[in-house]
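Mind looking over this structure? Questions follow.
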Amino acid sequence: MTKPTIGIGLIGSGFMGRCHAHAFNAVSGLFDLPVNLSCEVLADASEEIASAGAEKLGFFRSTSDWRSMIEDPKVDIVAITAPNVLHEPMAMAAIAAGKTVYCEKPLSTTADSALKMTEAAEDADVVTLVGFNFLRNPMVKLARDIITSGEIGAVTGFRGRHAENYMCNPDTPHSFRTDTQGGGALADIGSHIVSMARYLLGPVTATSGVSQTIHTSRPKSLQNLERAPVLVDDMTHALLRFECGIVGSIEANWAATGRTMDLSFEVTGTKGAVAFSQERMNELQLITGTGPLSGFTRIEAGPQHPPYAQFCPAAGHHLGFNDLKVIEVAQLINAHLRVHSCDTDFREAYEVQKTIEAIQRSAAEACWTAV
Amino acid sequence: MTKPTIGIGLIGSGFMGRCHAHAFNAVSGLFDLPVNLSCEVLADASEEIASAGAEKLGFFRSTSDWRSMIEDPKVDIVAITAPNVLHEPMAMAAIAAGKTVYCEKPLSTTADSALKMTEAAEDADVVTLVGFNFLRNPMVKLARDIITSGEIGAVTGFRGRHAENYMCNPDTPHSFRTDTQGGGALADIGSHIVSMARYLLGPVTATSGVSQTIHTSRPKSLQNLERAPVLVDDMTHALLRFECGIVGSIEANWAATGRTMDLSFEVTGTKGAVAFSQERMNELQLITGTGPLSGFTRIEAGPQHPPYAQFCPAAGHHLGFNDLKVIEVAQLINAHLRVHSCDTDFREAYEVQKTIEAIQRSAAEACWTAV
Amino acid sequence: MTKPTIGIGLIGSGFMGRCHAHAFNAVSGLFDLPVNLSCEVLADASEEIASAGAEKLGFFRSTSDWRSMIEDPKVDIVAITAPNVLHEPMAMAAIAAGKTVYCEKPLSTTADSALKMTEAAEDADVVTLVGFNFLRNPMVKLARDIITSGEIGAVTGFRGRHAENYMCNPDTPHSFRTDTQGGGALADIGSHIVSMARYLLGPVTATSGVSQTIHTSRPKSLQNLERAPVLVDDMTHALLRFECGIVGSIEANWAATGRTMDLSFEVTGTKGAVAFSQERMNELQLITGTGPLSGFTRIEAGPQHPPYAQFCPAAGHHLGFNDLKVIEVAQLINAHLRVHSCDTDFREAYEVQKTIEAIQRSAAEACWTAV
Amino acid sequence: MTKPTIGIGLIGSGFMGRCHAHAFNAVSGLFDLPVNLSCEVLADASEEIASAGAEKLGFFRSTSDWRSMIEDPKVDIVAITAPNVLHEPMAMAAIAAGKTVYCEKPLSTTADSALKMTEAAEDADVVTLVGFNFLRNPMVKLARDIITSGEIGAVTGFRGRHAENYMCNPDTPHSFRTDTQGGGALADIGSHIVSMARYLLGPVTATSGVSQTIHTSRPKSLQNLERAPVLVDDMTHALLRFECGIVGSIEANWAATGRTMDLSFEVTGTKGAVAFSQERMNELQLITGTGPLSGFTRIEAGPQHPPYAQFCPAAGHHLGFNDLKVIEVAQLINAHLRVHSCDTDFREAYEVQKTIEAIQRSAAEACWTAV
């Protein structure tokens, strides 16, 4: 009995494109899927890039015309890793074609655009997934399960951060990251901690933020070293009020010297607390109870934390970043098959983006702002 | 040649009183002071308590009348560990008597009161010191030296916190800590992280804060279990704008389940960063430079970090909390002798209190507030 | 211009078989290889298991006859993940057929057998690689580079350990792991720390070991709960004398409650030290230099540590266990193409096994033993 | 009602002498002792040193004649911090005078001498205490309580170490530490990990050790830079067989670059494990139980870990090295009053020394040796 086959079309063969391709190639060997996957078409900016990418990443065909790829009848799922500004037209075309859409974050350059995409997808009843890959970590899921189960009592506080150092150098040139359409530290990596906060605690209703541009000019490009002003934030701190009644704070910072991936949180409850940093992504810190033997327990990822066991039957064999994307793709396939829904569909990605924009407005106007 | 003698009068023999007495008894054996200390009089609420305290803590005489102790001609330095509400009358009396005043934090119950005390002390040219003991840690001093020296470049960010768990239990009764005059998590322990922030980076000019009362009622006392509403904060988050041009955030939280003393900060600069938590008070985390061998270095306290060597000639022999108070008393004696001034005199304590009150106003009015 | 193709034949589809298959499927997309890989044949114990494995793991054909797979002209590399006792006949057949052999550790059940296999491979000039995957970690390679470069001065000491907890339960039944032919904690996981010690410091010349069986009986199998005595070690400690002149110690322990993967070492030199544990496999601890800012630096894996950049262009995106196997396969392919030789060929695996047997003899006879 | 007074005589005012004096001055204010202490006489090598020491450390009188101090009728307890070679005559004189003897470790330069002292003390029924101060740590006591209570099941393994870096520099000159009478890393700091092992698990019955001299010559003194050969070990590793039936290993290393005080152990049991390092002396790592929320718990020292509460009523206020000595002195006073016996009396110190000498013989003869 042969399994049915699902065809994949991928747009982009850069960092995230390779990451997607790796996941599509690896997922069948690791997860028990009821279908086979077939990497059909790779689309990229030119025929040459697309063709080289297809050979390297294991796709049958290549094209420089993403619209034709979307139309390809063998393509069931369209994966978008193109620049942010192209997400909307690509996703709208895929939705129009009735394809499942797997889009990298941020969903679009504005919340308005994201809402338009969301409504189109919902109207067409198309399955969507946005790549908030850090939520796929079994230890983050464990944190949410702990919170939801009441293990730490009623939640009383939240402190979150996403700090990296990749924009520390003032000579790192302008790019899509510093574009006023969807750029800046808050939009780029702050979206990870906002999505994490929502994943753990639910919606944010109001915010007071403050932003700072640390390096006020950057070279126009690697080729043109003339400096142009930076109009986006390098760092934002924000107070958050959650619908569940608590308050907390986050920081987004891409000029955080010394930090490589401090996507971290501490959730405090009346009976315990749970803490995590992506810098040690295979560990979760948990405290519950009191008494002379209590303290924060360092829980190490293991087969008792689904879906870790898909990767290895024994504890101590760490998951890595690329594995998170494999987990995400397994969720995508199951959502495509309507086995379950996706945590981070377009609707959720829109809510994240709306929260980000509220923080940006709050920082611009120096006042509390409703989301 | 005999050294001159300085007489000590201490008010209070509770936790902080014992801590002061320990420091006065220990400092001469550890530091090379040009004077001898003499523990003259211990004052406390009753003759009985004072007398027992004097015997236990090594004071020659005892009294229930703190005013007479202040007047005692053998007393040169008055140490105040009484309830906050008594700090003002006690300090004013000591200032009037021309004595050096060593007062526990907070300096008083309001910034207005603190300012009155400050101006009186300055008018009388009396030496003052407020017990922000965590600033005495050699690793905190090292952090400031690193920042000041430019080792981490220009400062770009600050993230601070003081989180403890001692008010987690909703059945912990009301006390001076929950009094609306000077009580609440922000005033009680937030003052430590505010003083730390000022110590490291200088004045705060504006703030936007948000507060929360987690346990909205508490028993009136250990004896009277009838519950009364709590009118102070259990937790406050605040955005800070510093005079030096940067922004940052702090949290004060005394209901932080699992945290025993997370008085912590991360100061980020253009070329490095420095991080600390009092939970590991003998360590400082530092990163400078880039390249394949760079990362956060865990600096362990040792004799190369003054005044550690006063306690031990070799690294690895940790300092403890009580040692911080000994360092503080050594500073007090040198200030009394006009060898140098105190970091945290009444003026500085007033500035801390003013900042705290600005955060409180900001939280009450839900808007940015100038300090 | 099409790249030439290399055909893969895999024996076994259990944990390590899946791990091999994942690596063969992923390596082309992550590394820039001058060849394409083709997963040709999967051999396993029955046609049914082999066929299911082939579909799941992406192999074209399947068989229950591993000898026919080895003879298959499209198979260039034979990967062996079968039970240890079968390694010798399988490898000898592959060598006879002139195929490159990739064998899981331990190479065989005795050093004599391993030597026979080694000499056959060398006589036939066949490329061989044994799966000591933990040596593929960029942080372990960095440790060796640091040692070799003299960064920590002359090496003066070594302390190593491989501790896991998977045999803690006395009701875990007998298996090949507890067979007196090649079983026991020292042979099973001690081989990892012995290979690591040799990788970092070179050959061991003499040893004094002591072993202990903690659980002296175990059920015969999951089906037959009758208990039979355990004749192998659960834990071995050993002193080691290295050819380079230093002494050190190791522990192998598979009943180490609480340890999931403490494959760890500290190498001390006259000018510094380097420390590592697989429990935090993306970190290396390094100290060099003295002075008030020195201390152990936590180096996080990043693109400056080859071949990390093949997996991700940015630091902070951790590698996981399965990624180590991908690195190993990339080395295998380059060795097959005679681009470079393998660190852990059959000869090296034989040397590890000889060292293990010397420790076993030493423990049995309670005296120092030459390797 | 006045408490009776106990008089203290102290020999030595160097590092350990100051440490003792600090403890004698501090203990009454921190512990609730039924007696008052009186620091009577300080003896040192010259009248000048003794006199300066007495003033600084708070002793009434001083002398260069330690024999007269021991005879002083006001002296009840004799504290010895003189060079090791003088411990025997000083202690024998104090025993002859019927005084309680508090002696720094090692008890003497040979086990034979230590035994002679032990038997003399026992014959005279004199209270003795040897300064193994690291055993006074509440977290170490907690570790023993956990082991004794069966919390981690039956003990199955031990791994210990005392590593420091203070002899790393080959130009650090000879001193009593490198004297063949009682010198060397094993005797100097190895005695701490041996005493810790005995404290936690009981007697060692047999051992196989190996030693190494890393720096084979050193300057004769700070004044005479002519180099003389080093005849003691810089580093020793040893396998240990315990009377309780388990085996384990220890390392003693005073040339461990990067380590300031890695006096550490991991004790493994059938149901859990406990781990500690003096580098984080206010923490104990404990694991018990299994399941998805299990892991090593970082227990922080607090008032629930006696006698921490004597120093502070709240957790998070760390103890430091000097506090350990205060705890030791409190035990000394209670032993002097026959309230309880001392863990580490002369008999116990002799047993430690006998174990050390067995390891030395084993290393010299390269064979297993009974203790």
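By written order: A, B, C and D. Residues from 1 in each chain.
Criterion: contacts are C-beta pairs under 8 Å (C-beta built on N, C-alpha and C of every residue); 3 or more make two chains touch, one makes a residue touch a chain.
Predicted, not measured: the structure shown is a model, and the values here were computed from it.
Asker: Quick check for the class: compute each chain's Cα centroid; which one is farthest from the centroid of chain A?
Answerer: Most distant chain from chain A: D.
Asker: Of the pairs B-D and B-C, which shows more C-beta pairs in contact?
Answerer: Counting C-beta pairs in contact for B-D and B-C gives the edge to B-D.
Asker: In angstrom, rounded to a whole number, how far apart do the mean CA points of chain B and chain D lie?
Answerer: Spacing between the chain centres: roughly 34 Å.
Asker: Based only on mean CA positions, could you tell me how far chain A sits from chain B in angstrom?
Answerer: The computed centroid separation for chain A versus chain B comes out at 42 Å.
Asker: Nearest whole angstrom, what separates the Cα centre of chain B from the Cα centre of chain C?
Answerer: It comes to 54 Å between the two C-alpha centres.
Asker: Which residues of chain B are in contact with two or more other chains?
Answerer: If we look for residues of chain B contacting two or more partner chains, we find 259, 295-296, 300, 302.
Asker: Touching chain A in the complex: which residues of chain C?
Answerer: Listed in rising order, the residues of chain C that touch chain A are 3, 15, 18-19, 21-22, 25-26, 28-30, 32, 36, 55-58, 164-166, 259-261, 278-282, 300, 302, 311-323.
Asker: Which positions of chain C touch chain B when the two form their complex?
Answerer: Against chain B, the touching part of chain C is residues 142, 146, 151, 286, 291-300, 302, 304-305.
Asker: Using the touch definition from the top, list the residues of chain C that touch chain D in their complex.
Answerer: 152-153, 156-157, 159, 161, 168, 170, 208-212, 214, 234-235, 237-239, 241, 246-249, 251, 253, 255-259, 268-273, 287, 295-296, 366-368
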